[in-house]
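Two complexes are shown next, each including subunit A; its partner changes from subunit B in the first to subunit C in the second.
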Partner chain A sequence: MTAAAALLERDVPVATRVLTLPEHTIEIVSDSGEGAQKCGQIFGAVCAKMGNGVWTVEIIPAEIQPPPRIAEGASGIRIRFATGPVTNWGDQTDLVVAFNEQVLVGRHLLGALASDAIILLENSWASNPDPDIKAAWDQALAELSGYGYRIIEVPMEEQCLTVDDNPRKGKNMFALGMLAYIYDRSLERIEEQIAYAFRRKSEAVYAKNVALMRLGYGWAAANLDFRIEIPTTPPQQALVVMNGNEALGMGALASGMELCAMYPITPATSVSHYLAEVFRKFGGILHQAEDEIAAAGVAIGASYAGKVAFTITSGPGLALKTEFIGLAVMAETPLVVIDVQRGGPSTGLPTKVEQSDLLAALVGQPGDAPHVVMAPATIEECFHSVVTARQIAETFHTVVVILSDANLSTGVQPFPRPQLRKEWLAPELDLSPVEEGRRPYEWDPRMGTSTRPVPGQPGGMYTLTGLSHDEASKVAYDAGIHQHSTTMRSRKIAVLQQTLLRPAIYGDHEGDLLVVGWGSTKGAIEEAIDRARAEGLHASSTHLTFLSPLQPGLKEIFSRFRKVMTVEINYSDPPGEPFITEENRRRGQLAMLLRAQTLCDVDCWTRVPGEPLRPGLIHAAIRDATIGLAGGRA
Partner chain B sequence: MTSHCAILPIFDDDEREFALNDYEAGMPRWCPGCGDHSVLTAVEKLLVAEQLKPEQTVFVSGIGCSSRFPHYLKTYGFHGLHGRALPVATGVKLHRPELEVFVVMGDGDCCSIGAAHWIHATRYNMKMVALLLDNSIYGLTKKQTSPTTPQGFKTNTQPFGTPLPPLNPLTTTLGTTNVSFVAQTAEWIPAHLYATIRAAYRHPGFAFVRILQRCPMYTEGLYNETVKNPGMVELLVHDDGVVPPEIDKIYTNRITHDPSDLDSARRLAEYSDRIRLGLFYRNENRARYDLLVRPPKVTSSERIALLNEELDHYAI
Partner chain C sequence: MPSDERVVSALSALRPAIGRYRVAASDTLERARAMLAFEPGPSRTRAALGAFADGRIDPERFALVSSGADPLDVTGREVVEHIVELLEDILGASDDQFFVPVGQAGGAAEAIRARLAGLGTAHTAARILDLVKRHSYDLLRHGSPSDGYPFERWTAAERALAPPLVVRLDGSGLDALELAPLVDGCVRLVLIVDGPAAPAPLARLVSPGALIAQVDDASLLAGLAEFDGPAVIAVMQGQEARFVHDPRAGSAPWKRLRVDRMPTVPPRKTLGSRSAWQQRDDLAHLKALVEPPSLAHSAAGAGNGHADPTDRLTAWLIEQSGQAGVA
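== the complex of A and B ==
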């Protein structure tokens, strides 16, 4: 028994059963604004700090304040934690804390709950004076009773009212206390994390939250007949734990970039929330521009005049920045664009994950505008991708688009603490005089690269232009110049491609099926591959970090598998649907790209569920895809 | 600052003197009679008078006839996108506050496609000179209606006459929160043009100058009467204003206007029978975004130490 449990020993019921499991997935769901996410973030961080593998995903309704007590308004968080590493949000939830029965029904209807899920449900609604609420409660419980769920009614509001007279505030800390009891989390660490979460609030707020948490802990100890142990393994190396947007922001700090221009857009904005707090002391400026276009323009203006600058956006913003991205390519001004993708087109699903911006990021610009597109697959890669993107943008004087997504943006995962290096930082500006006669676009004919003076360098004066231009940056009136400069801008992308590594293969290097993915789906795909291989299927996967240029060796790798299939969170026509033929079938965006680049018959399995792909669904798709292949089942 | 090349002069202790040809680059390709020529001449005169270092000076423009402007100067230049000169200039100035920034825009550029940036740049009030070269027409694309085309004027997109009254760039700018400098001048009065641009350059903030211009191709005759008849012009005069003595005898219609009086500036800026030139408004005490957000200088060792502190917050 831990010291924390001993503290409350007198309340522990005699017949407590302890289940020891390798992993568990929990959800806290509530109406918007009840703090379920804060509760889950604290719990997830504590699990990570105690030595569990962790992955969290926020469940965010599309509106800030949807009407209370409706199924589609469910707001909350899922935390999957395990003795070993966790790379994705898993399939279904084993334990749920729900603040009302309607949001619980919402999760049930989405198939988010395991058939034997344990549910801790606020029961004040059962005795609500409003007959409609009472009826809704009865109906929901009748509906849910048809499944294998174990529903435990918890008087959260009644309990919390003993500490705080606002029942809407505080349930989240009560829930945190219950979870701390169930999973035997260190109360010291929990309180430390509460202190960090409320660091800008008063001591009284902290004390009240701790009291509520302890109340939940005590209630659980006195009333629950089970605890669950997910053994922890102390980390072998220094780890940090954060979400993908914090990792992108921190990566920007580590890259030495000094100017970020952005316009608020979900789910990218929290990168700038993070930077807004710290960037200034790092010598940086976070500029909230008047619109997405201006944000791109400000970043390009800064890049032209000095160190590489960056802008952060999501799909609709990427569309607005298109013309400026084209200018940066044409003028060969370095620029880093971070696109935290959400569901589209148009306003689409602002808070939900999708990987539908790939083609827009690759070829969205009118005219020939070759540039670099890369996609981090993990929280750790979110950090490092910004450092790499800055270096590539500067070396090749080009645009680098980083495609993150809503799954990575709020996902929290521990990763090895980056060992910071000075060479990651953008070099100081060289303002020394420029040799006489040097022209601003002296393309290296072999590499396609060229470097320009920055304002302040005597003798380097030139006028950058978005018009087609010659080596002196003079407007080109000659078709030959346009052919040559277009070749040079393309050439340097080929040079970059030659420096990239072949993608790693997860599983055997040959077999029946190769799954190809990109971005945040990596963990779920690899878990699905593990399951498929465990049942004898000859399936492997590979995950692409670079989408433009594509990493080398793809055609050769593909040739070693009987079938190649992408798994993506974007739309493709399912074969067999009305009117869909081999000829008119619209395929996943990476599949389209790979077919064009490799001339291989790349198939795809894609979905747009507005949530991360579950490994179980990918596993089923792998099974379907391997049916009839020569190797079949081993 | 060190030179990598021994044969190059070192400019550290700057004793260079800049003459006109240190700023001139190439032969402008504007039409003969285009007002852009006069503005270029006035700007070159300013560069010489103020001895601005060519390498420390950046001209940012959009797209349109007037936006070719940076190509004709031997300073740094950025000839970017239609309507987007101000965001680029904002980026230059935020990141490199020591640079002298000038923005050259046409009426379509500033008042139509880039109108959002115009309003916000006015509010940011960063130190830069914004020149609106307003010829009341789209010239480069051949005679389409611009926001400042006079009502009834026939263009290729509105061949039966422009239906709406023109937008007034002065009242729009003067109506923006944190506005700090608004002036109007005309390319056919070189002394006034130069004096106005110089006052704009000396202003510690966002200095907006609307320059009335003739387009010999598409708005020929628009200002014919005004050019011929100084009686159609009214000069705003004040001890603190822009009043070049050379034109005393020609332009005798005068209104005394204190440029610190915003209400009066807004009234005088409304369109009237006469064209009013001069300094409408100047306030040197407005909030300046470029000064407010300027971060400290941080060395790479300090950065790494700070980032390690940041990572400590997230350490397990």
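== the complex of A and C ==
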């Protein structure tokens, strides 16, 4: 008899209803430090391994340790899982496990809960001796009772105290057990995942967590009158489950990059945590520099010495690296810069997602500093993008910026296990003597590329400089030389553009509305397009991977739609707001770029909510944008 | 494997140097294999760009830009394949290839040169790979990789990676002057000497940067791994001089040179190509090198023995200071 069966046999309610659904979205929310995220990570990983499509998003308060029991301090995780693939975090939560009523209210106020959401709520606060807490509980439940939620009070603390003296340490595993019961997850797999999550802890810690999980499972089996079945599809191929930052780190490793220089910054830091662990096993250097600028300098130095290196940062760090990115462009030293975007400007919203670094990444450097900017749209693409970025950086001796974001960095998604290729690795360093008379910047006028002698190559010595220089790398302020060298650095990017393919169109290749996105919004946009098309709207989308240079054919593609609109997680002035005119309206960053590059009237719909865009909101925006479009070309 | 214990222990002591040579040859082999494995063109470019580029980058067009490593032409491929065979042979052979037995007929220097030329194939291979890569290899001009690479043509970098050799030879055939041109880079020659030899045949090789020794057994070789320079060490069995000239021991000849035994009976017969006088002169040379300069001699010559005024003044000052005769 399995553990699950044994628990079920104990005391099963007679009238247990089983709902079979194609997908469900759940949240576990708590105060910081109560382990809600670990509970969700384990649950999400188990769902993925059992054959569900999964997307998780961590709910992280803006402060590291906000006061307990406040609506703004909700910390937790959302897991959207389905029978088929899942590409985004969805709209609203169908089931919530809340460790106190205040964090639940916080999610309610943000509109995160579906109108018929099932809520499993810790009820120890109802009998708390502190009259203020009791009053807050009463007020919150009175407020929430006005909606259609089904609130089930759960004595989590009371139950957990039978296993652990500190209920704050155990509720997350109790909640995991309840979810395992509700969604009929394999207890064996859950215990395996608990063992993995606590692999650095003692056996006693593992045993206690398993006991708490089983306690939750048993309580749910004895007290809940429903279960929910999300059918699984056993994966046909080996899958890996990881978040975007792990995928970036793994991609760097797979691409043969042996040095990452960085300075800690949310939400990019966990890439370095990952690399610190794996570099120790497989070789490589993780250098935590004294600041962002030094980190860029170390990476450039390593690349100059022949090892293509990368540096990783977030918005404020990208600003600090600006000068050195310019140096790498001028010196034509290959460099990969990963920017895991967060809300800004300044320190902004460190833990929240935004796509506001696009223009800074494109044109943030003073002077003319052409380089490559690309954006993965999924966690799987985070992995593969690093391989491509290194190849481009090395081929064109240029800077490649990868724009990820906080949505991808903490989101978890299963994807096919990459089959590593030796072609991904950096080619062997060519230390053969440099041909006599060959100059370091002997630009090929067709391609704009030049040779790249590395230290140690006989006859390859030259002075590396950020100053304007001639083909021999001699400092040269001559107008003709600067014009020529600037042309060559720009030509490389044009040549790369000539190798790019037109972006794919999701939906019909002509119609009323074309939504253009980039980065992590892809899944939400395409789901919104599906909904719109199901309603009969003639909407399609395209998702740009290369932002510099832009993929070809955009103007022609745009011409086949009556309206083109970007959807982005950055700010734009909503039309109709005070003082906003067509002339002074600030548009989304991609919209600005596309308008400049294509001379098309590209509109935008953008939001900066500090969370990923919901497909439902995009769907609504598509509806609004298509009003009045049908029936004739604009 | 040679059965002589002296040869075995010498080869064992030279293992670090043999390892360095093998690593260099192995690196060259890897380069050659990589050149053969390199398949330029869209399929390789597609693989190199990874899945992210699928449907976004045209591998055919990208390959036109990225084919920095040009494809091998037919001739180039044949040459590289030949190099791979040669290097596989070198790396697959035992350490016996670093042992050179010289017959009674002599000709040690020729035998050593021939072996170095053969092992120098690893250097030739690296050089020819570079030429093939740059499409400038010309068989008539640059020769075949298997032609052998005479030591005289080795570059400084190649001499620094010279394979070490253990040479077994008859004492009568040991002529240091024939070996002198080989004392360079990191050449290491351990001479296992059979039968009687001239008393100090290696004395003529002593120079500031070379480790030169005549010893009883191979124990000295243990410290050879840390020495960065050329070395010639004779392991001898007879009554010849025993000395060690180690450049690390000091800046002056008498500090670098330690003589452990000097023959008491001067040589009176010709041995091999060395006349008795030449042998006695080798010994005198050794004695002169190990002798520290005597200040007493300088002082005694003050005022009349030195032609140079500075020397005379120096000697006089030493004499006045009461330091004369202090070594």
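Descriptive notes on the structure:
Keep this in mind: the second predicted complex is superposed on the first by the 623 of 634 C-alpha atoms of A that agree within 3 Å, B and C clash if a C-alpha of one lies under 4 Å from a C-alpha of the other, contacts with A are read in each partner's own complex, and residues count from 1 in each chain.
Note that a contact is a pair of C-beta atoms (placed from the backbone, for glycine too) under 8 Å apart; a residue touches a chain by one contact, two chains touch by 3 or more.
Quantities reported herein were computed from a predicted structural model and do not represent experimental measurements.
Looking at the shared chain after the overlay, A:155 reaches neither subunit B nor subunit C. Legend: residue contacts after superposition of the two complexes on their common chain; A:376 is shown touching subunit C, with no touch to subunit B.
In the superposition on chain A, contact of A:546 is made with subunit C only, not with subunit B. Contacts of A:449 after superposition: subunit C is touched, whereas subunit B is not reached.
In the superposition on chain A, A:418 makes contact with both subunit B and subunit C. Contacts of A:609 after superposition: neither subunit B nor subunit C is touched.
Judged by the number of subunit A residues each one touches, B leads among subunit B and subunit C. In the superposition on chain A, A:384 makes contact with subunit C only, while subunit B stays out of contact range.
Once the two complexes are laid over each other on the shared chain, residue contacts for A:364 go to neither subunit B nor subunit C.
Look at A:66: by the touch rule set out above, it reaches neither subunit B nor subunit C.
Overlap of the subunit B and subunit C contact sets on subunit A: residues 418, 432-433, 435. Interface residues of subunit B, counted against subunit A in their complex, comprise 1-5, 8-11, 53-60, 63, 70-71, 73-81, 84, 86-96, 98-99, 116-117, 119-120, 293-298, 300-301, 303-304, 306-308, 310-311, 313-316. Across the interface of their complex, subunit C is touched by residues 255, 376, 381, 384-385, 387-388, 391, 395-396, 418, 421, 423-424, 427-428, 430, 432-433, 435, 447, 449, 495-496, 498-501, 503-504, 545-546, 551 of subunit A. Residues 30-31, 34, 44, 47-53, 55-58, 61-62, 65-66, 68-69, 129-130, 133-134 of subunit C are the ones that touch subunit A when the two sit in their complex. Within the complex, the subunit A residues that touch subunit B are 48-49, 51, 196, 235, 238-242, 246, 250, 253-254, 256, 258-259, 261, 278-285, 287, 289-291, 293-307, 309, 323-324, 327, 414, 417-418, 420, 422, 425, 431-433, 435-436, 455-467, 474-475.
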